[in-house]
Structures are given as C-alpha cells and as structure tokens.
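Here the structure comes first, spelled out in structure tokens, and everything after it is commentary.
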Amino acid sequence: MCTAISDNGGRHLFGRSLDLECSYGESVITLPRAFRFYFAHTEIKYPHYAMIGAGVIHGGVPLYYDGMNEYGLCAAALNFPARAVYQERREGKLNLASFELIPYVLMSCESLSEAREALSELNVTADAVSASLPPTPLHYMISDGTGAVVVEAMADGVHIHENPYGVLTNSPELPYQVLNLSGYMGLDSRAPENRISKEVDPENYSRGLGAYGLPGDYSSTSRFVRAVFLKNHTRPTASGCDVGRMFHIMDSLAVPDGAITLPDGRGVRTVYTSVADTADKIYYFTTYGCRRIRGVRLDKLEGEFLSSVSIEEHEDILFKELPI
Amino acid sequence: MCTAISDNGGRHLFGRSLDLECSYGESVITLPRAFRFYFAHTEIKYPHYAMIGAGVIHGGVPLYYDGMNEYGLCAAALNFPARAVYQERREGKLNLASFELIPYVLMSCESLSEAREALSELNVTADAVSASLPPTPLHYMISDGTGAVVVEAMADGVHIHENPYGVLTNSPELPYQVLNLSGYMGLDSRAPENRISKEVDPENYSRGLGAYGLPGDYSSTSRFVRAVFLKNHTRPTASGCDVGRMFHIMDSLAVPDGAITLPDGRGVRTVYTSVADTADKIYYFTTYGCRRIRGVRLDKLEGEFLSSVSIEEHEDILFKELPI
Amino acid sequence: MCTAISDNGGRHLFGRSLDLECSYGESVITLPRAFRFYFAHTEIKYPHYAMIGAGVIHGGVPLYYDGMNEYGLCAAALNFPARAVYQERREGKLNLASFELIPYVLMSCESLSEAREALSELNVTADAVSASLPPTPLHYMISDGTGAVVVEAMADGVHIHENPYGVLTNSPELPYQVLNLSGYMGLDSRAPENRISKEVDPENYSRGLGAYGLPGDYSSTSRFVRAVFLKNHTRPTASGCDVGRMFHIMDSLAVPDGAITLPDGRGVRTVYTSVADTADKIYYFTTYGCRRIRGVRLDKLEGEFLSSVSIEEHEDILFKELPI
Amino acid sequence: MCTAISDNGGRHLFGRSLDLECSYGESVITLPRAFRFYFAHTEIKYPHYAMIGAGVIHGGVPLYYDGMNEYGLCAAALNFPARAVYQERREGKLNLASFELIPYVLMSCESLSEAREALSELNVTADAVSASLPPTPLHYMISDGTGAVVVEAMADGVHIHENPYGVLTNSPELPYQVLNLSGYMGLDSRAPENRISKEVDPENYSRGLGAYGLPGDYSSTSRFVRAVFLKNHTRPTASGCDVGRMFHIMDSLAVPDGAITLPDGRGVRTVYTSVADTADKIYYFTTYGCRRIRGVRLDKLEGEFLSSVSIEEHEDILFKELPI
C-alpha cells in the first residue's frame, strides 16, 4: 500500500508514501559513484551515478523503496500483490531482479528517455537478495521532469506504460486505474453547477461540493483518483515552497494507523512519506512518528561506501514559551 | 470550513482545523484568571478560569476560534453559513454575542455539565466586537471527557444538541450531519465480506476496500463522515502518543490549498490545526506553512493580561548531515 | 417505501409506487359526488367532488393511498416511519385523522391553492379507522399543474412545505431530502467534461458517465435523487404519450422483489404503480404481477356508492403466432 | 448500450436489453432447421438447429442481436465500442464475421460446452453484411443452464472469458467490469450493520440502506454492478413466474428516453427488452412503446424460410369498466 506522485508544476518533485503494518528499519541511504553493486545477471559501467533514497540495507545490499539520482531521475517501487510475476533469467534480455531495478536505472540513466531505452528489453527475474528474503511483488514508477513511465512485470510479460497522470498506487494494474478515473472526471475544486434539475437550484450548502463523489477510502483505486484530483487542483504554499504542497497532498493520501485493519488485527499506517526535490537534489521525508520534515542533501557524490541516516520515530515538538 | 473532533480514547483530546481562503493573523492566546472581559449583556465572577486557544486580538478583546480552560473543558466555533441567526438582546435570557460564547463558557464553567446548565437559557445576540467587524455565522462544540454538545442558534431558536459522535464540521446543522452518516454505517477498516453475489466472490484486490464509498471531498458533510470513521478506526502512535494520532486524523480532513477553489479564484486551505491535550493542559498546533508540531502550556494561570504566541508560517525543516 | 412524482411537462401527471412486503387487497376505488364520508371531527359540503384512486375499503370507508379528483387535483400518502406524530383533537383546528386527509382534500378542493388554504389550520389526529387498524405513519404530497406541497405532521407540529421538485419518497422529512440532493446537482444525462485533470483527458468509455455517482439503491434518499434526475432528464415516448414516460421513470424507481429484504426474510416489492392523467381524468396502474397498463376513467361522477376494480396479479401476456 | 443477464435460478432464463438512440425496425425472427445461411468463410452441417431471436433482416440475412436455439442455448451481442477489433481471414482458424457469430453458434451447438469447443480457434473477421452496413463493434455472451462465456475480439486477440456472474454490459472489457465489482461487494439487500462507529448507532432511517452506494447511473460499469446485485437479491414473482422476475430486474437497468443524452441532443432509450425462457422455448419481449409482455414460441422447427413478427410500438392499455 503506497502512493507515488510525480509533479512537474514549477519544479519536478517526486513524492511517495509507504503504507504498511510494520516497518523494517528503513533509513535514508546515499549510494556514491564508486559503490560496487553486484547485479545477478548484468553489469553497469563505473563510475555510475550517485543516488539517494529510502530503503533497508540487507547484507550490504541497499534495497531501495524509492530514490533520486544526481541528474534528478526518480524511481519508486510500490506493492503490486497478485499481479507481479517474475521470471527465470532469459537470454538476450536485460535481466534484473525486482530489487535491482531501481538502483540499475538510477545508477545508469540520466533521464527518463534513457531509462525507457535501457528497459526496452527488460526481464524481471525472481532472484532473491538472500534466502531469507523472498522477492516482494512490485511495480515501479520512473520519472523526471519530462514525464513518467510505469513498469509492470505480469504473467503476460513486462509492460512499460506511459503515465501522463504521474500517479501510481497498488494493484490492479495501471490501465485499470486510469480507466477507473473516468467516472470521476467531472469533479472540480470549484462549486458545482446545477445540471440535475431544470426547475429549481439545489442549495450549494458547503464549499467543496464540486468534488462530491471523490472517493475517500484507502484502497488503491480510491487513492489513485484522489491523488490525480489533488495534484491537479492544489497550489504552492505561500512561501512558494512546492515541497510543502507535495507534503500536503501526501497527507491527504496517508493512512492513519488502523484506518486499514488486517485480519490479524494489525493496523496499516503510512510508515514514511518522502518528497525528492530534483532541482536542489534534496530528499525530504516525514515518518508516522515524527511529522517534522527532515532533509538530506545528495551532495557527496564520490566514494564507494553507502551511508545512511536512520528515520527516527520520536515526535519532535517545539515548545513555545509565552512572553511574560 | 472547519472540522472539530473530541476524542476520549485514552485521554480527552480536542482537535480542530480552520479552513479558510486567508488568515487573519491568528495567534495562540493565553487568558489568565484576572483578565477583565467586558461582556455586552452579562457578567462573570472573578477570578474566573484561565484559558488558552487560537484566535485574534481585536481592540484588546480576544476573539477565540477555539480554546481549553484550566479544567480541560474545550470549545470551538466553526463556520455555520446560511444557518446561524443571531437575535436582539432578550430579557431573562443569558445574552451572549457570538464572539463571547467561547470565553464565557471557558472562563466560567468547570465541566460540560456546568456548561449545559449555564447555556440552558442562552440567547445569542448579533452584537459586533466593533463596527468594522460584523459577527460571523458560527456554531459551537463544547466538550470534556464526558461528552460533547453542539450549540446552534438558528431562525427557530437556540438548539443545544447532545453530540455522541464528538464531531462537528459546518452547515448544514448537526441533525442533518448525523442522519447523513447512516448511509455509510456499514463501512469498515477491515476487508469487506462478499454479500453482493451468491455465486462467486469478487477479488479483494486491495487493502482498504472495506471502506469503499467513504466520501473523500472537502464538503462539510463528507468531512463529517470521514471524521467519524477515522475517530473510530484509528489507534495511538507506537509511542502511545494520542496527540500524534489526532494530528494524523486531522491531516486526513485538512484541505490542501486549492482543493476548494472559490469563485474569485482563491484557494481554501487549512490555516491551522490544533489539538488540545486536556490531561497535560498543552495546546498543540501546526500551520499550513509549518507542519512541525508546536506546543504551548497553560501553566501561568495568574495575571490580568493576555499573552500570545504568533503562529509563524516558516517551514521548519531539520537537515540531516550524512555520516562521513 | 414509496415514491410519488408530480410532473407538469406537457400535461400534469401524478405517479406513485407502493413498495411493501405484502399487499392488503388494494383496488382502484371511485368515490362519487354523493358518497357520504363521515369525518371524525369535521364536515364537508355536499355534493362534494368525485375522486378516484387506489386503496382498500375497510368497513365501508375507503382508505385511499392516493387519488385524483374531478378537477385533476392529486394527492398521495407515503410511509413516514419514525417521523409522523399524530395528535389529540385540538379546538379551533381542522382536525383530520391520517386516513381522512386525502379524501377531505380531494372531495373539497378544486386546486392546490384551495388545498393550501384548507390545510392552513390542519391538525392530524391519531384516530384509527377501527380498533383493528391503528393509524399508519404517513406524509402527503398534494399537487396540480401549478405545483406541489408536502404535508408532514411531526413532533414539532404540522409542516406544509412547498415542493418545487414535485418528488416525495419516505423518511427522513422533505427538507432533508431536498438538501441531500445538493451533492448530486452536477449530474447530467450528457457526457461529462473533464475537470479532474489538466494534463490529460480520461477516456469517456461509456455513454451515461455524466451521471456517474447517481445513487442506485432503494433507500428513500437515493430514490428521491434518482426521481429528480429522471424527471428532469427524460422525454415523452415517440407517440407523445407522457403516461408512457412516467411509467418508465417509475420503473427505474420500482423495487424488484427482494432488492430490499426485511429481517424476517420477506422481500419488499413495488406492489403497484399508478399514473393519474389529470387532463383526461384517467387513472392508470400496473401491478407487480402484471406489467400491462390498465386504465380506469373517472367518468361516472354522480351516485352515492363506492365502486372498485380489483388489481389482479395475473401476468397478461400476448402470445404472437408466427406467420406460416 | 445494452445489458444481458443469464440466470439459472429455477429455470435458465436469458434476458437482454437494447439501449440505443434509434431503432432499425427490429423484429422477432425465427430461423428453421433448413434455412440456408451462407457464411463467408465457413460451412455448417444441415439440417442445423432452429433458433429464435431479435434482430433485423438485411438482404435476406438475419442480423441477430440475440437469440435462443431449440436446445436452449442462448447468445447475445452487445455494443463494445473502442474495444472490438476485427481481423482479416486467417488460415487454420474458424473465421466468422461479427454478424455471423450468433447464428453460427446457435445453429451448430447444443450446449455451452460445445460452443466453447467450437470457438476455441475463433477469428472474428471484419466482413460486412453489405457495403452499406459496416460491422458494428460487438462482444458476446453465450450461455445455457451450466454457465456463461463472453467472447471479446480485441487488438491483442480473441478472449473467451468464463463469466460466473452471468452478466454483460458494454465497454470496457469483461475483466474490468468484474474487478470494478469488488468495491461494491459488501452491499446487501438486508439492513446494514453499524461498523463505522463504536460509540453510537446511526439511525437506520430507511429500508434499503444496506445497498447504499449501489451505482444508479446508466454507464456500462454501473449497470454491470446493479445487474449482479439484482440477480443475486431478487426472487420469483408470487405466481412462481421467473420470467416476471427477470423483467423486473431488466426494468431497473432499462434506460428511460433521455436519461442518456447524446451530443446531438438525441436521447438513448431501451428499445426492447427480451427474456428467453429456455425450458419452454418461448421468447418474450417488451418494447419502449409497449410494456405489455409479448411471447413467441419456438415451435415450428422445420422449414427453410425465416419468419418474423414485428415489434410494434403502440402501448396496449387495458381499460377497465367500473361496475355500475
């Protein structure tokens, strides 16, 4: 359960939430140009591009949930249950394990255009990072300021969908989500016009009625519609900070703990939300336990070791003293 | 456009948002026990109770949008357009101008029970705080850990409604909002059971489908339903901090700037969100321009002067340095 | 559970459905000008107006569910559970038992204007037609070609609401139904315009998407919205027969047996549907068991005895022989 | 715009509506065992099976919209705009023009099982019945008492989907419709249980609220959901006549003229509704202009000529005389 939004209004920002019933000790990880990443079936050129993003480090391997590279190319992996199908290695293809796709693309491509080309012969393999960690069903959104594509490896092959909406959530597949949007296309942030009745105008009893019918639950389909609506109907904060706007949009899509309850009684919550600022190359994030925005700059590009910043969960409240 | 929630899970918290197209220079204002408040038609005993809340100071008079007193009694005023009707002063009644109601109740009542009794003969008058500031159409929610009431002064008189849901938004009147909830009563944070088809089970394709149909727009009616759902289906943050939970609920109800657009093109946004912790007597708040939680303690009860803390709008980001 | 629609397009038609878990042996009953109707607390002038409508005859008293008089004034009684409150007889009022209201109005008023005046001092009494038949909670729509009013006797008194929509269903009260309509005011029979996305147009994948969001269940609120939509967006049948159009609208509001299921397992169904043609003074009806339209003319105005036509339930199928 | 429903409750019935802005002079056409049907690319054995259904005769060729054969196998063609893709003739395939599919299947297959096998190598060709009548984009539902399949010829090939719901409407393709149903799976004909609030029960103000959220518009997706709901929640008429039940379901899905309005201002209406009774081999139908059920028996199986019964549009009202 996750939401990703690529937005090109003003500057290109890339936001994503991770919605789960637990956290796996995520941190923000920087991967410099000389870091050795051993791909199971392929190679990349060195030095590659540096990148930053959130994920976990498993046996020395960074498992990125999302990230941005030094050119501002972004990618995110989102859960894709009951849809993702991974394959055996296939000769003549670009074979990438599901956890290798994000680092491969961000370490080797400068732009979405290059990523499209690099992935044109993609085969997503079922390799696990280790015996204890089987692959997760995932699909991906990759974007820069020129657009976004979604990569879905399914039973009938790998689909690379152009995604002009710049939004991705979870299963079902993107074409379903896009078509489901059609029912809501008349929704507006402005007041509704009366079309139902010729004889009398219903009272416009509340601001906001023009979007009456916008779905408010936390299913993947409803979050997709809401994300498209909000992306198209919101504006920067007064300080001109588009990052603030993106966090406000993500707040409307975030899952308060328990708003989804699993059969075992656990609640799903938005573990973290990140917004990558591709102009300034800053990776911003908030966590469920601490809503203050934190930022990490992608400014140390050289080196061969991963470095990481933990995502602590302590609410960082600023207490104000009253003047005497 | 505002939302207020009174929650008694664990400790009594009182949250509210202010959703407007502009701000009026709101601050957090503390009113101590000896502050002189000149009511137009009535008197209170001195010393009265101290209180804290958000609002603006106009000609020395605190215009509280919401507040909490030293006993933990809380009140909020929310827009009530096309419904609120204020009257001339009436003999034998408790005559309070619309802007006097919150301070009167919080300065003179220890509990909801006392407030119910104090307001039993209420007449809300059309007095303005000054010639330049005509009264705003408002209704009110007052609550402590025992429950909540809503006060609505309408054309047919003053209604004091018991409000077991502990939620208030805007027009229409509370009884409408409560009845409108009925259509959504089957919504659940758990996965839905199949009842539509005897022959085959539809795929439960996404977590969260049990609440499919929950309204997601920002009208008063949709926020009311969403607030009730979230209040009843969320749980404290891991640190046991119910304040964090309340801010997460309020985030789901907050209006990203422009998600409501006025005829003149201005966007409505959630100017501020506050959560009053009635156990520790701390007033927490966030603003549209700064999402970090700030807190002000109601701990200086004596004195005769208002003191206030401005609600600055600068996003307070914590930049993290990577380890070398 | 019932729906009534007054429509003035072309000619004034008055349609209603009766939605129940059983039938009580309804018939179409004509009441001529000299029929003696003994009102419990009031009198009418003789000869009064003749009328026709559906109902049952109990101990010689016609209990009309709806009807039309010789001037084309129409009235219908619809279930109003948990809302209708009947009173003791009150001096100085027009005291009418709930079952007397329709005959009183139709026997004594030529027009809606006269009915408004006649009912201005109405008190609805709790008198039963017999000890075995306690009064049913009802509200009423009365209309002619000039408009419609709704009469609701509630705990706070008798309300006579102007009803410019010309639609009535069941509880809650009319003002609630009218306000609930506001959320659907943007719905249209035409294709939707894209307002949700600035970047790309969702596919208009099906005719009819402009009304996506129209409620389809059989609750009173959803039928009210659907009735207003259909009344305003449909047109006469090719033969110019507005009666056909009204039956098509009523079909969309009718309850197939079981679409509502009671706690005891019984299904609710649309027992009968009637359309009164006020120009030609014909009362048309269909029943759940026989969809062929039947018609009874109100053309025998003189006389003192009720006459009735049973509403048989045998499906009247026309078998066609193929040419050899 | 059409809806088809295959129902196996009691006896197997097959209902369909044709929803269009005009009619093309449809009639009910019987095709006997010795009728010569010249298929463009294939042959069938003679004598074939007799069939009956609705359609038009064009240059001696019956263009069936739907039909039933003497074994009770049924098929219907429904509009499938922007999805259907027809091909050139392909060697080694069963090449059928879109208008040939229904007669081919019903003339040559006794059962759904045989139809599945016959169509396993299907290629739908773009042949037109004549130069003046280009092929219509269609998909098909074929069913008997054992189940139903849907045939969709699309850009990526011919799909033959098992359809356990037994419902078909229009575009998008069946897998989309089936998935879209998931959001509504909790809807019930019974009263809802309160799950939204722990503290207080919302009022169950109306019968039918358990299905609140059922879509009521006339788009293909909303009709699909409504058809599944009604098929699963309705029961036979009191006389045990399942045909009556099916017409009641179809009434709830039928389009009153104008409820969909085209850009050129024309209204879409349900031109005809048919219900094939596969036990008694009777084809029942109603038309927009005449709601009385008419029936044609498939009982003259021998012969070589088509025979047809026109679908007249005159409302066949039965006037009842009052007893004197």
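Note that the chains take the letters A, B, C and D in the order they are written out, and that residue 1 is the start of every chain.
Here, a contact is a pair of C-beta atoms (placed from the backbone, for glycine too) under 8 Å apart; a residue touches a chain by one contact, two chains touch by 3 or more.
Because the structure is a prediction, the values reported are computed rather than measured.
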{"item": "Rotation angle (°) superposing Cα atoms of chain B on chain C, nearest 5", "value": "180"}
{"item": "Pair of chains joined by more contacts [C-beta pairs], A-C or A-D", "value": "A-C"}
{"item": "Whole-Å gap between the CA centroids of chain A and chain D", "value": "43"}
{"item": "Centroid distance [mean C-alpha coordinates] between chain D and chain C, Å", "value": "33"}
{"item": "Centre distance in Å when chain A and chain C are each reduced to the mean of their C-alpha atoms", "value": "54"}
{"item": "Contacts with two or more other chains, residues of chain B listed in rising order", "value": "172, 179, 183, 187-188, 190, 203, 205, 209-210, 212-213, 219, 221, 225, 229"}
{"item": "Residue numbers on chain C that touch chain D, as the complex places them", "value": "1, 28, 30, 82, 170-172, 187-191, 203, 205-222, 225-226, 229-230, 233-239, 241, 243-245, 247-249, 251-252, 254-263, 267-269, 284, 286, 288-289, 291-297, 300, 307-309, 313-320, 322-324"}
{"item": "Interface residues, chain D side, partner chain A - complex", "value": "172, 176, 179-180, 183, 219, 221"}
{"item": "Chain D - residues contacting chain B, complex", "value": "164-166, 178-179, 181-188, 190, 192-205, 209-210, 212-213, 225, 228-229, 232"}
